[in-house]
Every structure is written in C-alpha cells, then in structure tokens.
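Both of the next two complexes hold subunit A, though its partner changes from subunit B to subunit C.
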Partner chain A sequence: MRRNSGNAIRSAFAAFSLVMIAGPQLAQADENPVADFKLANGLEVVVIPDRRAPVVTHMVWYKVGSADERPGKSGIAHFFEHLMFKGTPKHPAGEFSARVAAVGGRENAFTSYDYTAYFQQVAPDQLRTMMEFESDRMRNLVLTDEVIEPERNVILEERSSQVENSPDALLGEEINATLYQNHPYGVPIIGWMHEIEKLNRADAIEFYDAYYAPNNAVLVVAGDVDPAEVRKMAEETYGQVARGPELPPRIRPSEPEQNTKRTVTMRDARVSVPNFSKQWVVPSYTSAEPGEAEALDLLSEILGGGVRSRIYQELVVKQGIASSAGAYYQGNSLDDSSFAVYGSPRGEATLDEVEKAIDAEVAKIATDGVSEDELEKAKQRFLRSMIFARDDQSGMARIYGSTLTTGGTVRSVQEWPDRIRAVSVEQIRDAARRHLDQRRSVTGYLLPEEGDRT
Partner chain B sequence: MRNFAATRLALLLLPLALFSMLLAIPARAAVEIQEVVSDKGITAWLVEDYTVPIVTIRFAFEGGSTQDPAGREGIANLMTGLFDEGAGELDSDAFQERLDEVGADMRFNAGRDAIYGSMRMLAEERGAAFELLQLAVDSPRFDQAPVDRIRSQILTGILADERDPQSQGRQEFAKALYGDHPYARRSDGTPDTLKAITLDDLHAQHDRLFARSNLHVAVVGAIDAEALKTELDRVFGNLPEKDGRTPVNEADLKLDQQVAYNYPLPQASLQLVYPGVKRDDPQFFAAYLMNHILGGGTFSSRLFNEVREKRGLAYGVGSALHNSDYASTLVIGTSTRSDRAAETLELIRAEIRRMAEEGPTPEELAGAKTFVIGAYPINNLDSSSAIARTLVELQKDDLGIDYIDRRADLINAVTLDEVKAAAQRLLTSEPASLIIGPEAKSEAKEAQ
Partner chain C sequence: MRRNSGNAIRSAFAAFSLVMIAGPQLAQADENPVADFKLANGLEVVVIPDRRAPVVTHMVWYKVGSADERPGKSGIAHFFEHLMFKGTPKHPAGEFSARVAAVGGRENAFTSYDYTAYFQQVAPDQLRTMMEFESDRMRNLVLTDEVIEPERNVILEERSSQVENSPDALLGEEINATLYQNHPYGVPIIGWMHEIEKLNRADAIEFYDAYYAPNNAVLVVAGDVDPAEVRKMAEETYGQVARGPELPPRIRPSEPEQNTKRTVTMRDARVSVPNFSKQWVVPSYTSAEPGEAEALDLLSEILGGGVRSRIYQELVVKQGIASSAGAYYQGNSLDDSSFAVYGSPRGEATLDEVEKAIDAEVAKIATDGVSEDELEKAKQRFLRSMIFARDDQSGMARIYGSTLTTGGTVRSVQEWPDRIRAVSVEQIRDAARRHLDQRRSVTGYLLPEEGDRT
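Take a look at the complex of A and B:
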C-alpha cells in the first residue's frame, strides 16, 4: 500500500522496532563504513554502502510528524504527506511517480508521530534523478484546491478502511487518547475524522512552510553507491535548496503525573474472542536516563517478546489459558513512549484470568528480577538481529532515518550493541519496578457485544 | 496499537493470503545461480554471497492444504505449526531452547499448493542450525501436548473470525467461486475437522508430503557448493524418494454470479474475479502487461487514476493476476464509502470495458514493459530471503535456471496486438463479484 498512514507504519514497527529500530550495526564490514555528513544548508546525509545488488534506497526523512501538529489540525502531517505527490512547476503532478515507474522503481511514503519519510528504490544510475525530483518537491510544491479536495476524500477512505472498519483500531485510538492526556501522542497519526474533514489548503501551506526545509531533514541513501559520489550528487541537487528558517526545539506538552488506573472498554458485534492490552507511559530511547531504554527493551523481550518469553511460556504453553500473549516497548520516539502487555484467552479460560496471569508475570519480575541466563539469551537475540538486519538495505535505511529524526545519532545507532551488552539484571528489575505500576496503568478491553467482560 | 500480528498464531493463520504473492518476475541478472546436486541426488539452487555472514535456506514440498484429506481439513496448516514443537530426541521445550541458543530463525507455513519451510542462520552456527532443521524435516514428534495447544490456538483464530464480516464474506465468496474444489475450503479447517485430526493423521500426512520427488530448495549466503551438498544430504537425504500426493482437479471457476454479504459498515469492499491465464500459457506476459496497465501498477494504473486520483473514491484500488496450481484468476478489488459503492463499481467496469474493447496505447505498453523489467531485482532480489523465495518459485513454476536472464526478452517480445487479445480474452466475460457492506444486494443490482 502506497502512502501508508502512520498507523500502518507504526504497527509494522511494533513488530520489528523493539529489536531493530533502535539500531543495529554490528561490525559493518570495514571496507564499507557508514558515512555521515552535513550540507551547507543544514541537510544531514547518511550513506550506507551495500554493494551486493544493483539497487539503491533513497529516503528523505523530515523531522516532523503528527505530534508536531497544532491543536485542532490533527492529520495534517499525514495529509501533507499525500500532497507531496501533487507536483511542482518543473514536474507536474504524476511525473515523479511516472518516472519511478518507468525505471521499474518502488516508491512510498509514511508518517509517524515524530517523522515523515519519502523513499524510492531504484537502480543506482537513477539515484541522481530521484534526488533531483525529491529536492524539487522539498520547496516547490503547487497546492491547489483541485488536488486537495479529492485527496481529502482518499484520506477519509483510508481512515475508514484502517480505523472505522476495525474495532481493534478504534479501541487502540481511544487507549492512546487515555494513556496520553496531555501529550500529542494521544492523537491518532491519521487524525480524528472530524478534524481531517476540515483540513484545507491554508493548513497545508502553513505546514509545508514551517517544516519542509533542508535544515529539518535527513537524507539516507543505502545500497550500491559510493559515499563520495552521493555527496557530490546531493550537493548538486539538495544543496541548491535554500536553508529554511531556524526551527524552534521540538518541545511538546508533557504528561502530568498519573495517579489513576484507567480502563477503556469497547464492545462490538464483530468481536467473538475478547482481548486486552495494558499500557504504561515510559521513557523512550531519547528521553530516558542512560541505560534505561535499553533495560526496558530487554525487559519487553524477556517478559513477552516471543515464544521463549515468560508470558508466552506461562500463559500459552504451561497454563494453556491464552491463544496469544506478550509484551512490547515502543522505544523509538522523541518523547516518553509506551510499554504494553497484551493477551487473549483460549478454550474455557476467561479474559480476566489472562489479565491476572500477565499481571502476575509483571509482578514477579518487579519483585524477583530476571536470571543472568535469560538476560544473556535476550541480549544475544538482539545482537543477532542486527547481523540479520544488514541483509536488508531498506531496513538499514529505516533504522538510521528513524533514529536520526527522533533525537538519536549515527553513533547512537552504532553503539547500541555495547549499550545492550552493558545492561544488568538489576536494571531490568528496576525498570519493571519503576515503570510497570498497576496503579498507573491504562487497560483497554475489546469485548463481544453481549455478555460480561469475562 | 495492539500488535497481535507479532504472535506466532498469526503466522499459522496466514497461509491463504501469502499465496497471492507476485509471480516470479526477473531482469538484469544481479545474481549468479548455481545448480548444486548432492551425492544423494538432492538438487538446490545456490547464490553464494559472503557480504553478510549469514545463510538463508528456503524450500517447498509441493502439495499444501489442497492435499488435506476430506474430514481432516486444516491438517497442513496445523502441521506447519508443529515443526519447532519437538523433533527427534528433543521435546518441544528442548527443541526451542536449542534453536534459541543456535540463533536460527526457522519457519514453516502451508500454502494451498505447497508446504514451505525456511531457515536463516549465522554462518558460524551453520552445522548446528542444519542439524535442527534436519530433525524438524525428518522426524517431527507431534507430541500430544503441543498438538493440542497449537490446535486450540487455531480454533481460537477461527472463532475470532466468526463474526467478522470481511472474513465471512470472503469465505462465502470462495465457496461460491470454487464449489467443491479444495480451494473453496478454509486452509485452517473447521472446528470439527481440526478436532478430528489425530497424531497418526499428522504423521501420515508428513510421510505423504515430505519426499524428494516434490521438493524444491534454494540457498543464499555464506556457503559454497561443496559444503551445501553435505547439508542437503543431511537435511533431506533421509526423506523417501516418492511423495504420496493425490491428484487434484483443475478448479472449475463459477464466474458470472454475485455474492453480497450485508453488514452495516462505513465502507464497502468490492471484488471482481475474471478468468486468469496459466503461468505456462504463451500469452502469460501479454496478460501480465495488460493487468499492469489496468490496475497492477501501484499508482500509475488506469484504475488508480480514475478511482483514486481523479475522484478520491478509495484509498486502495488495483488488480492482480493470481496463479495457483489449479486455478488462474484476474482479481480486481477496492474499498469505498458505502454510499458511493455503486458508482465506484460502475467506474471500474467502465475501465474494464475500455481495456477489453480498445486495449492499451503503445505508450502505455512501452511504459509497462520498462517497469515490469526494471522492477524485478528491486522486488525479488533485494535481500537473501527475497532471492531464496524467488528461486523456489522459479523452480516450482518450472521456469528454468536461466529464466532471470531470459525474462526481459520474453517481455520485450510481447506485441500490442497480443496485449489487446489478452484483454479481450480475460475481460469480456461476466465476472464473479463480491460486495461486503450495507445493503450490498441493491448496490450490486444498481451497478448492473
């Protein structure tokens, strides 16, 4: 699907980010080191050589996402992402996409809370052309009501298919709105329906002028390229775009102290098997104290990261009460983020039993901690995932792009393995104790229409 | 956002969807493929590459859920959930513990026409990883406890779909379309058939389908041909020579009918199914290029321009050729606001008529050719797992080891007249249609 909403990308990240987004890079072969430099107009550039196949991934990441939107304008970041395909004086609507298609390329774009990114995958000899088109639309977009009106309808249909049509997604939005009562992570990336309906040309132009400039972007090029050549091409294309106004620091409203245990319940006729998730606001890789995010990451892996995790083994295998159950941590964000546990019953078991059993696993780690052996295994899984990540050039580009637009650096990506190795069993226990407090949790229940929560 | 998709259960329930993968598509040979034959006669296609110290193997045993015996529907899907649940001397827990220590990622899944397996490993753990794969392939235990557990997870998944209009509507459509052919069945079975499956059934099905005669293997990464021969014999060398597949008939597709699944939804889902073209049909690429122009191109297609770009009626709209062993179809789909479903459907049918009557322009055809040729390495060869997947499909489709080199010529040779003929051949009959949404019946009639 082209132009995924943030929802899509976010759930895709939920699957991988825990392990990989925070950043791989174990012994990248020395002959192909990652290059990192800045153009005079402030554009940051990262080049990740991978000469195996004649393919290059070209991505531009803007340091703006839905959490940067003004109140009442929810969805403008994502709406604007769609409008970036509408053409410039030099390249009318459709020409860029037609060019990508003509060379057999693949393109897409996605919006998240903290970033918006555009990419093409093409043969290396097309890289310069891609740079020319992409740098052109960084500042020269032509926005008319004729293109904005139908595109708003497209986005309303996108919201319908991804949210309105899915009880799970509808509940997810409301869980987030309950979890974040002040921070904009509580607003859906795609926007609230009634606010999307009112977004207009003036909103789009204001947003474009405020955020789309070389000094608010990161260019990531991965694949069959030479960093020196990329630099030259980047200077000839992106380098010609004038630096934009200095942007203020990205300071968003933050969460007040949470003193309640909150629940959100949704019943829907389409649901026949109930499920629940319980979430906490926790520090992200960017907002955490040193070592704390790494500990939360490993905690989520040990607690519920896969079939060898405590929750899976206890609930699915030993007690046989859950069909699915686990935990995840979304550490890859600018501000405080979330940690979640989830589960769904099977057989005669009730949702309440599943929730209690998961609570017990959380409490066990907070009280007794984890063993050296299980921590070591979790670390090995993370470290290995980074070797496997090197097999996927666009995946590598995403790791760097998402890190650099959420407050991280090339170095923080490359030093991640060492920081993972340094986490101790005490830090895991302390992370559970400090952050996974039942009295400050938000629990969402998705239930069948009739009958009780159980 | 709750990501239940990250659970293993999701993997078990995926098979049908996976099957609609793009057919093999090639060009600029970026990869050098060697044919390796082991001492015991196991053949594999190998792409040697030492850039990253990993090895990826993928293989297929032809005969997937279509081989599920009547009354035991869902057995292939259940079986593929059990290969890491104990093999040889290792019970479920010991096997998974060992797999975790070795750091290999092993997956199995059942398609309609084949059972697929794959493993990704660190090169330095190659021996230990292949040893585990050999145990899984050769001597899965199918112990009662894990069988009951995985079965009950699948049952929960079936139950979870029971009130989901999308899932129910699609199942109804499959039944209407395929009649009594195995493609009409849910690949995960029904509660009754799943409960009827015994341990003996699982062993029997494994013995029947895991053989050398229906096996295709591809390997990519840090391993040479000699070392691979040894590993091939280790993993597959003990399998019986002949498989015991039962013949399956070509599906007799029932087109020219409407299935409406009424449900109060803000958005209606539409699907149109036309006849397809077999993979070995001489006109395959003519049809492929025609489909690309009609609705296969992500955003340069006619359907995309008319339905999404000009009118904003849908987020996604497109068409695809689906090739299975016993059926070929051309499927068009979209989701649109319910109050404009009839208008959208009429618009799509008008584009289909236009394509059937006039075919594409020479410019459209030229553009489609360059895309379809150039996109091959990007879509099919950009990672070890993508290469391995492509090479297994090329073998399954019997396209030859030089196919990637020949593909561009095959595409360039297609003429405008051939594409027009393909459009007429596929798009002039009445399709089968599915509408899931509110008052779906009246919408469909209106659109006629």
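Take a look at the complex of A and C:
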C-alpha cells in the first residue's frame, strides 16, 4: 500500500511477529470452525467466522516476498505491490480504492520477505465487490511504461524519506546484510536504492507472470460470513482466473556455518541517545526442530518480552541504567530468521554498560536456565497478552495468512497454544545455550558523530 | 587443478594481483609483436612470442568464475575445474595429465571470481597435442554420476583441509561476506560447504553448456612459436569446436552505498600471534574512472607495498611494533574489488597499537598527500619490481589471460606502464581520501581464544 508498505522494515516485522503469536488464541468455538478448502484453479481459501460485528476482512496473500527476488532485482516484490493499485481494462487506476472509501471501508497492503498481501475491511454486503476487484487485478493489470515509470519515482521517494533519511533504518539494513552472509533476508525488503532505480516494465511483467496466480495465493476471509456463501462467491470471482504455471519449491540460498562475532557501527550527527542491538540467526517456526521455535518465543518473553522480563526488571527497574531494553524473536518466516536483544542507556550510564548487563542476562539463562515457576508465568503472560488479537478480526486474518504463506497450516495455527504450553525449562536453557552464542552474534551500534561507545 | 586450485583464495588472489601488475613490462619488442585475433567460432587468440627458450605456455581462459554462479550453487565453477580433468570419449581420465608428464611438461589450473584457466608448459613440438587435448575437453567431457559423485568428496576434503581447518581462511570468508553486502565476491570461490554438498550432475551439465564454448574463451600461447603457425594449429583444433550460445553481458548485483564501520572477530585456540586486516570496497581496473585504479596501485605501493613503504618503515623498522604490516590492492577484477591494510604485533606491542599506527599512516596520506619525489620513487619501484615477471613466460600468459577475461584488452596491458607513469600526487591523495574512509571499512581480527585486542 502506498501509505505504509515497505517502511520501517525491521520494526514492522518484529511487531508483526508479536501479532502472529496471538494466532492460536483465535481458534474458533466448534460451532464456528475455520473452513479451509481449495478452488479448482489452486487458490487456497480460509474462512474464519466472526459474528461479533457486521464487518468482513478480505485478504489475498501471495506466496512471494522480497526473498524470492532474483539477485540484482531487489525491490521488485514491493514495487509490484504498488503496481497492484494501478488499473486493469475493467477498472481504471484508483477505482478500487475509491470504491472501498465510498462504502466506508479501509484497505491496506504490505510486502514482507516471504509474502505480499492485500487487504480490505468492509461491510459483508461489499464482500463480492471486493472479490471482483481483487480477482480482476490478480491477472489483468495494465503494465505499460506510462504506469511503471512514475511509480518508480514514488518508490524512490519512499525509500529516500523512510530509509536514506533515517540513520536507524540505514544501520538496520547493514546489520541484516552482515547477519545474513548468504541468505536473501540480508537484502532489504524495499530494495537497494541503486537496484530500484533500474527496475523496469520487463521486470514487472516477469514477476507478475511468475508469481501472481491463484495457485500461488491464499484468500483469507474473516468476519460475519457463511463459509458456503464465501465459497460460492470465490468460485464465481477468483474461480474464473486461470491457474498459473507450477512454481518450484521455495528454496533460497541458506546460511553457511557462522564462526565470527561481528559489529556494525553507524555514527550520525542526528543521534543524541545511542543504542545497540545484538542479533543471531536462529531457526524459524518453519525451519526449526519441533518445539525449538516455541522455546525461542518463550525465551524472548522471559528475557525481554515486556516489563516483567529479566532484562527490563534488571536494567530499567533495578539498575536504572537503560531507558529501553528488551528482546524479540522473528519466528514467523519461511527460513532461519533472527533473535535480538537491544538497549539504550539512561542518565549517566553508558551504552557499553547496558550491553554488558544484557549479555549477562543472556549468559545467566544459558548457564542456569529458568525455574518452572518463571516459565509457567511466562507462558501465561505470553498467551494472555495476545487477547487483543482475538478481538481484532484483521489480526486473525493476518495470522492465518502469514502462517499459510510461510509453510504452516490451519492446524499448526490452532495447535500452537498447546505447543507453547509443552515447552520445558530444559528447552529454554538449551535454546539460549545453542543459539545465543556471543561468538556468532552481530551487534549494531548507533552512535552520535563523536565520542566513544563507553 | 587438484593440487592447488581454489585454495588460499584470498592470499592467492592478492599474490596474483602482484603478478598481474607486471604485465605491461612485457610489451614485446616491435619485431615480435603480440598477435591477437579471433577464430570464426569466436575464440580469441593471443600469441606472445618469447624466443629465449625452447618452451611454450599454452593456456585457455574461460570468462566464467565463481561470481557468475547462481545463488545457492556456490562452488560449481571450481567444481567444474576439477571435472575438466576427467575423461572424454577420445581421451579417458588421466590421459591428458599423463601425456604432459611424459613429455616433461607441467600443468595447472585455477578458478577465480571472474575466470577459470587451464595451463600447460611444454616443448614447442608438443603444442599441437596440447591443443588437441584442450579443445577436446572444451565440449566433450563425459559427465556421469560415476564421474561427479567421487569428485565432490575430493572437493569437500579440499575445503575441509584448506578452509575448515584454517582459522585464517574461515575468518577471511566471513570478512568477505561482510565486506560485500550485495555483490557475489562475498561468496567464497571454493563455495560454501553446505552448498558444495548439494552440487550434482545437473548443475555440472548446466554450467558446462552455459559457459564452456569457444566464444566464451581466450587462448593464450606464449613462447618460442610463430603466430601464423599457432593460428593454423588453433584453427585445426579449437576451430573445429562449435560456437556456443551467446552469453548475456556479465552484470552482477553491485554494492549499495556503504554507511557503516564493521568488524569481524574470530577467536581460535590455534592462534598464538594475533593479526588484523582492514578492507575497503574500491574500484577495479575495469570499474574505475581513468587513472583511479593506477592511483590505488601506487597508493598500495607507497602505503604498504614492501620494505620501502611507509607502513613497513614506520611500524617494523622505526617503531618496531609489528612483525609484519603492509597493504595490497586487488585491482585485477571485473567489478569493484578491495583494498586492504594489515598487520601483526611484535614483542610487547598490542594489536590495537599496530592498527592505530596503520590508521595514522592512512590518515596522513589522505590529509597531507605524498611528495613528487616519493611518488616518482614508488613508480620506479613499482615498475621495476616486476622485472621477474618479464622473465617468466607463464607470468606473461597470465597477465594477458586475466586482463582479457576481466574486461581489458591487449592494448590496455601494453599501455599500462604509461598510465602508471601519468599518476599525479593529487590522484594518490584523492584515492586515499575518497576510498580509505574508516567509517566504511571492514576490519577482521584473528585472536587467541582468550584475552582482549589491546
């Protein structure tokens, strides 16, 4: 979407991960089970009944993201998200958005490493219209130079304002490029500036033809709807779109064994309070051994998931040396992803003190583990804190969409709370010991123009 | 070649660069001009008469190296170099090498980022035989699983012994992966272990068919030969090989703007004396503005090219804090390459002192430049020190081969000494100022298991 796509890539991804973990809380009561079926052309459809309000969330998720781009073509996935708001022979540019606005709805779109999704939230009687528009642009976009050339400038401007003008965003890109030595998660979702500049009509058409097809998409409908009716409407709209070419398995270059401790330092005159973040490559929900991703999620909760976490209690509350500090795990991805701790000093404290104190908390868990009681409370907190998402229909849709486009299933969403409950104290300690090794970490420092880290 | 291909990648590349710059010294006397022509099938032929001894160097250079590999297929260029020593229907495996040995010759092969080359040195009356063998394996290799499977183990063993068992080599790989945030020079020439393990027959055949063809190769013959005779023999052997598919321009993903200072640290119990190296991405002879690569070559000579260099004189001779210290520039590549300084402490001195002293030398040139006299002496040293290569026939062949496979021409080799002589003191200072910016450097540290850098 033009308003908020491709921006704040790392923080958006982290926030999204938090929403994602709410997913399993959404398991429907038995009288309203989630429906999951495929149309003849390969489109997977998930219907999530939610009768609390007369509103419906309509999302189409494509199984393609920036990590599927060809080398040298970074940014094409996000570029294409913009192009989806251009016209088709049936509906000129702007008509879809105008219609959503006219019926009091809202819309959005976003591009991630592993998926690209389009979203509208409207009254249930508008669902068919949304399906007509959305299925039309799945294959019928008019992609002329007149459409593409001006949009490239829009995207370059977007990158300029959101990345080039933000020391934090620029540093984040180079941390990622350093963390991933081989995998395309090291390339920014929005694309490198010099590669966006060269994207053209041929690239757009190649991308559209390769990835935008019903057999590479998941339709998620959540709201006050009947699955049988949704199915009928989907068949009459999306069902008319021809199946696209079969796509090969999504196998990206993977990481080699990492053997070094790395740092990435950016100094900028605009920085007043320094900060640091330390990252590790760790398994994702899709690439992990059973239980491992769940343990990493709970480890992030215990270590730095909120005000009850060890890092927050020790650094912010007890020692008073940090203005902010925490941890997060980006488990919701197709391939090995990242775990991070971060912090920023307060008052007279130095960034070095904050980093050392956080390192000590990581080491403590790796050495001594956690108690049964602490883990149990973390599980309760972790599961309970997601109740917001249960009340957010679009949150529900997002959880299913992101899971189904990163190798998961409806069942894996629904069984997730039980898997979280099953994590043992040994698994938490082992996750810290195995994955949070300082000798294989990447630490980013954002510092003022002058002065030392200490 | 099985004995020394793909090994010691970084140091070999650096050493090679040193040989390369000898090239222009080889300009032949007018009575024996270098001949340069193309066969009808697209094979470029360079003949370098050298009548001092009854010996001929025969090399075929393919315009393909590890940086041309597809993502996830790292190591296939080097793997293929090994496969070239397997058999054809006409000549079973081992026959070519046995023949070279039988006539008292020697052979070799090597893979780089930008090229792969095969080499024999024999008596002139064996040249036609070499051409017959070499042109035969250009297209007729038997690539069965029986050939490929055992060779993969040979290569895995090669990587184990030369990289996995060498902290220095492992660190070098991760320095490169950190230095190049987007360009494939960040991937090791020999390939990542986990990717080599998956290379198979289909990969080998695809690579062979795409890149091994006369129109993607350069034949270099140096020695006691007559260009007209070489041409006739080449037409009768290589000339019989069908032209391959036209190849697209060699455009690899290029580097984004770099904004951070990075470090890569490896600790290993086997390290007794620590060392560091600091790298920058800089233009190569092919990607540079006119005169810029020549200035970088002379800057490396002045800064750390030998015992007369500033770094050596200051750190080793005067201060006595370093056991080794210097600089090198890898200018001989198709795309932007690297410039490095390095050092190791002596006696009571620390690595940190050595790094700071080298940083000071870099800063001094960027600030104050160099004197006319110092530059003139450096030019003389730089050009004169290459006299060894003039006496080395295979060195001559290498210079032409590597230049012609990285975007250069016979003429650019021959005019190179004049371009070196034309570099001004301003260009040296500007090269240091523009390219050796600490805020965009990558520093690698090899340290003992315990203890600090200081």
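The rule is short, and it goes like this: the second predicted complex is superposed on the first by the 431 of 454 C-alpha atoms of A that agree within 3 Å, B and C clash if a C-alpha of one lies under 4 Å from a C-alpha of the other, contacts with A are read in each partner's own complex, and residues count from 1 in each chain.
Assume contacts are C-beta pairs under 8 Å (C-beta built on N, C-alpha and C of every residue); 3 or more make two chains touch, one makes a residue touch a chain.
Here the structure is a predicted model, which is why all the values come from computation and not from measurement.
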* Using the touch definition from the top, say if A:Arg267 reaches subunit B (first), subunit C (second), both or neither. => second
* Could you say whether A:Ala422 touches subunit B, subunit C, both of them, or neither, answering first, second, both or neither? => neither
* Considering only the touch criterion stated at the top, classify A:Ala360 as touching first (subunit B), second (subunit C), both, or neither. => neither
* Spot which of subunit B and subunit C makes contact with more residues of subunit A, would you? => B
* In the superposed arrangement, does A:Val55 touch subunit B (first), subunit C (second), both or neither? -> first
* Would you check which partner chain A:Ala228 touches, where first means subunit B only, second means subunit C only, and both and neither mean what they say? => neither
* Asked: Just which bits of subunit A does subunit B share with subunit C as contact spots?
  -> none
* Structure fact -> subunit B residues touching subunit A in their complex are 1-10, 27-28, 30-31, 49, 51-54, 56, 84, 92, 96-97, 100-101, 103, 105, 120, 122, 149, 152-153, 155-157, 159-166, 265-267, 297-300, 308-316, 335-337, 367, 370-379, 381-385
* Asked: Can you list the residues on subunit A that touch subunit B in the complex?
  -> 1-2, 7, 10-11, 14-15, 29, 50-55, 85, 94, 97-98, 101-107, 121-123, 149-158, 160-161, 164-165, 168-169, 172, 269-273, 275, 277, 306-308, 316-317, 320, 323-326, 328, 340, 342, 344-347, 377, 380-381, 384, 387-388, 390-394, 444, 448
* **subunit A partner contacts - residues on subunit C that touch it in the complex** => 71-72, 74, 170-171, 173-174, 177-178, 181-182, 184, 186-187, 192-195, 251-254, 256-267, 439
